[in-house]
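Here's a structure for you.
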Amino acid sequence: MSDIAKKPIGIIGASGYGGVQLVRLLFEHPGVEIVYLGGDSSAGKKYGSIYPHLAHCINLSVETIDLDEVANRCEAVFLGLPNGLACDIAPVLIAKGCKVLDLSADYRFSNLDTYTDWYKKERTDNEIAAQAVYGLPELNRKQIKEAQLIGCPGCYPTASLLALAPLLKQGLIDPSTAIIDAKSGTSGGGRQGKINMLLAEADNSLGAYGVASHRHTPEIEQICSDLARQEVTVQFTPHLIPMARGILSTVYATLRDPGLVREDLITIYNAFYRSSPFVTVLPNGVYPQTKWACGTNLAYIGIQVDPRTGRVIVLSAIDNLIKGQAGQAVQCLNLMMGWDEDMGLPKLAFYP
Amino acid sequence: MSDIAKKPIGIIGASGYGGVQLVRLLFEHPGVEIVYLGGDSSAGKKYGSIYPHLAHCINLSVETIDLDEVANRCEAVFLGLPNGLACDIAPVLIAKGCKVLDLSADYRFSNLDTYTDWYKKERTDNEIAAQAVYGLPELNRKQIKEAQLIGCPGCYPTASLLALAPLLKQGLIDPSTAIIDAKSGTSGGGRQGKINMLLAEADNSLGAYGVASHRHTPEIEQICSDLARQEVTVQFTPHLIPMARGILSTVYATLRDPGLVREDLITIYNAFYRSSPFVTVLPNGVYPQTKWACGTNLAYIGIQVDPRTGRVIVLSAIDNLIKGQAGQAVQCLNLMMGWDEDMGLPKLAFYP
Amino acid sequence: MSDIAKKPIGIIGASGYGGVQLVRLLFEHPGVEIVYLGGDSSAGKKYGSIYPHLAHCINLSVETIDLDEVANRCEAVFLGLPNGLACDIAPVLIAKGCKVLDLSADYRFSNLDTYTDWYKKERTDNEIAAQAVYGLPELNRKQIKEAQLIGCPGCYPTASLLALAPLLKQGLIDPSTAIIDAKSGTSGGGRQGKINMLLAEADNSLGAYGVASHRHTPEIEQICSDLARQEVTVQFTPHLIPMARGILSTVYATLRDPGLVREDLITIYNAFYRSSPFVTVLPNGVYPQTKWACGTNLAYIGIQVDPRTGRVIVLSAIDNLIKGQAGQAVQCLNLMMGWDEDMGLPKLAFYP
Amino acid sequence: MSDIAKKPIGIIGASGYGGVQLVRLLFEHPGVEIVYLGGDSSAGKKYGSIYPHLAHCINLSVETIDLDEVANRCEAVFLGLPNGLACDIAPVLIAKGCKVLDLSADYRFSNLDTYTDWYKKERTDNEIAAQAVYGLPELNRKQIKEAQLIGCPGCYPTASLLALAPLLKQGLIDPSTAIIDAKSGTSGGGRQGKINMLLAEADNSLGAYGVASHRHTPEIEQICSDLARQEVTVQFTPHLIPMARGILSTVYATLRDPGLVREDLITIYNAFYRSSPFVTVLPNGVYPQTKWACGTNLAYIGIQVDPRTGRVIVLSAIDNLIKGQAGQAVQCLNLMMGWDEDMGLPKLAFYP
């Protein structure tokens, strides 16, 4: 890339955990240069005062959000804002010719009524929303390449859909039996001072939340329905785990053909993800640890079949902030720019 | 209890995590006095050299295992040994008139063939085994009171069965749909120097193990089958969580009557556990944190119904080493001795 | 205690971590009954809605702070408020005849100018403050028994002073060489939603704060000066450790007599703390783990002498919320009431 | 580097934590290719069976240690063996023309008697040892460039010496007052199944060890003495912290000139480390968190002066396995090969 001009990019909402991953990844990305960091409450601050460990190398300040200025300076813009704000910003940037990658829920839904039901915000940007592509490259690689607007998937949906996609796409399971028991590190809750996210409360403890009511449910169901070519309802239960990063989705479903064995499924998964550089299907009897994926854009998938119950159990591990958020957005950017899909994205964890 | 002579008790296998909980609980128990600690590799050592934090108050040494001597001195004996040893020891102690509470798997199975299948040890003590009572007081209170030999439940089965029992007993679910996604702190792996249990490996990570093959499966199925009065096969998946203590079982099952709502089930659970001092059924919308139970003999149970899928989801949290092991054994002892069921057992966690 | 009427006590500021320890300890304390919980922002709430794990046994609500009512109902009152509030409340309660135990910094200083310098609040309650006793029973047992008002020590001062007291009292060290490198779990920061206390930020990390400027410095120096009968300046550096509970103070000082060996000092410490039921001086070569003290009112002290440097190194471990806060306050109450010093206070940790 | 042939390198002792960092770093290093992994107990195993998260990209097996073969294949060899083995291996490899970077203590000492005193192994390789350079590039950059044998520093010495070097080199402190209170994550204990390193024991706890007797003491003293041009004795106390990675050294020393202020020292440190790409001196009032350095080769240094006591307090944070071990070895390799000092070394952490 050394003789190609680096593309100027911006990040609106740079002070949260998604934002700081983007800054970290894009700072070392050979194809881009960060030329703009925007924020609201953090406007005017040196970025290094928000994240002191970066002060020696990131010499940018957070600017107020002026969309004309952003569009002037940036070829592509990442939006790392709370739900319900991107849908006001993206249409403006799109109109000015920017590529937009939204990390919130605003552009994940093909049916905006579903969005409004779960996120309680009316939407008027139907036309723009209709152009948005769901940014899961393993499923939508071709459409992402052509897109100007990406609705980047949630962290839980990423882990869960990578586990379910081959099964649903190939009709191997009864979709109504799908249960997703998901476990996440606390960074998924964002950089906000919530009592239940304090180390004193969350460490050495474990609990479920949003049981039968978490907002990632309709997002998972939409993509599952597309894959299965039928309406799919899933059971999704998130849990908070005493660790900073990582998601494990444990997925259960009843096989349509009880004769399928683990080896068959490993073969099917390997074929399904053959051209996906970030998905690693594990061999027989190996189940992923979330730490293996930490600090990388990888998804590790382990598969087991229980002949006693006729179920398949799939374990899927990602870093919730990389493959589950910022890394996946960069993966989408790579595709949109026509670059190698894995450019600038870490593929090896530090362990332990 | 001050004017009643304290009952002399012994612990064989006192150096592990189960053993040190027993020592801790029984040292402050008003009804007993620890008069014997036995072990193999630790024989001859001062107990305070194994657990230095106890040296100032526990002035006992670990003795070699001489069953005549044990039976002479002790009215009741706890066995905290690896699987496959208690079945050689218990018959001798029983014959000499001791009450025996075994913390291993040896006396948990009514069908010894099942034991041999899963634990790979032939058994010749059928007669003794037939007298053993499964030591889950919430289900077997009456039999425990009469028993001389208790097979104390495993940690995962305790959490899981407390969640499932009301549903199965009252026929509220289709048993074949039961899925138990269980999560445990690493102390469940015992005080052995295993690489995967090192803080460096296990902290900040999360993974499943023993998928479709964990030894607690047949134990859970046996009791579930008793409750349901039919052969029950369950899906059981344990996970290792980066924390020292605690188990959460997330249980899924399809309701037979889709009209049942959460409030109904809370009522049913409250009735089922009315006389169980250690089970706390949580109100609407509250789900347990494992930390709430830490250092106590409590089980916290949270219940949700998902009308979209027709499933009930039950969350059950215990301290794996107390209610899941040593505390439950003491609870059984209390019943066997005719004492208050909760005597000497902690009922309030320190939080956070 | 069964035939003695339980003393009615109240807690103002019951919703923080100090408050919930008090509730936990006093609920099981044989000599008292909690008859009042007071708070400001939490007024009107059921206590069990603030701490759901207690809902099944604590059936009290937080009331607004009405000092007449408090004094009417309570014989003794614990104040668990932010610094600067107790000094407005305590004089009123004292005047009405209550015993008052203040957990804040307000009554820890014999010189109120020092307080005002460090805590930025002018004081007008000099007369009341002059009656206050510094609530470290190991040093002030006799005065506490006679006191009506206790200024309970800070968590760092408790750990540090227990390590330093024998050395200073007996003139064994050059006070100007005293360095306290202290390490605390994050619960010391209280139940507030601070970003740096989030598990995502604080876990798997470690750092110093308040270097050469922490408010516990003058408190430590005041007591050290009393002990040494000369003005003492200490170096005190607190660190935040990725764990919920526990403090370790590592104390360095140069011995006046280079001929003293470790065994001498262990003898001296054992003598100094002979009648202190909560201080455990460890034998040769054993250094405390904070976990040994967790959930107890114990302080474990380990001692080493380095003949190469002429220094003594003392390690002191406590539970910051029990011996470092609420447990010590209860210990003071026991003394004030004429009860056994250790009544109702836990003396054995659950380990691991 | 794309048109330069990659240098073939080998790692003997690849299965430990140091080894897996080297594999991770060198796999992505543009100047080298890993052509040999050697081990003893792990010989014959696929590397991916030891570290399953690497199986999809590292297709090497661990080979038995045949030094002729190693020297044939490799231009440079890293030794990641327990103390006392490298001194038998390095001389052979040196004689065959390999560059050798030893991660053990064997080549850290200019005086082999000191080594033998502390490590209890007689040495006969004086001539080779005399050629070894202590691999701390910030102090010995020039000698490392010319060296064929590097004794890579210990993790604690790296953190501590980076904090102390400017003070000693410039005579700013009284060396006899130097106290190093060091805190390390548990990965420093290596990949061995030690009971005290289990998550169940080490998590949520904190303690000192090796007080006044840790083997890193003479290593630190040797370099301090070189810097101060006088015999220096330091007080060094290591602590085990409940986290996997990271070291913080808190260094205390009395300033010779009490008029020096913090700003002066920050200026001096910045000048001292001006050409050291991996040392970041923090601005006024900022103290490092170990997490900032995790997964990088950085050292963050924070400085405070306490005018009340006349002491300087320096905080130094590194990743014990990268800058404290494998990363620093790669940094040395870069210098030995004439490459950019920072080639292939990570400079930005993922946070949080």
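Order of writing sets the chain letters: A, B, C and D. Residues in each chain are counted from 1.
One rule holds in what follows: a residue touches a chain if its C-beta (ideal position, glycine included) is under 8 Å from a C-beta of that chain, and two chains touch if they have at least 3 such contacts.
Remember, predicted model here, so these are calculated numbers, not experimental data.
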item: Given subunit C and subunit D, the chains that contact each of them; value: A, B
item: Rounded Å distance, subunit B centre to subunit D centre (Cα mean); value: 46
item: Cα-centroid distance, subunit A relative to subunit D, in whole angstrom; value: 36
item: Intercentroid distance (Cα basis), subunit B paired with subunit A, Å; value: 39
item: Multi-chain contact sites of subunit C, meaning residues that touch two or more partners; value: 17, 185, 187, 198, 200, 203-204, 242-245, 289, 291-292, 294, 352
item: Pairwise touch network: line, ring, star, complete, or other; value: complete
item: Of subunit B, residues touching subunit D in the complex; value: 17, 185-187, 189, 191-195, 197-204, 242-245
item: Subunit B-facing residues of subunit A, complex; value: 176, 179, 181, 183, 185, 198, 200-201, 203-209, 211-212, 233-235, 237, 239, 241-246, 248, 250, 252, 287-292, 294, 302, 304-306, 308-309, 311, 313, 315, 317, 352
item: Complex contacts: residues of subunit A adjacent to subunit D; value: 17, 20-21, 24, 27-28, 51-57, 187, 191, 203-204, 244-245, 280, 282-283, 286, 289, 291-295, 300, 321-322, 347-352
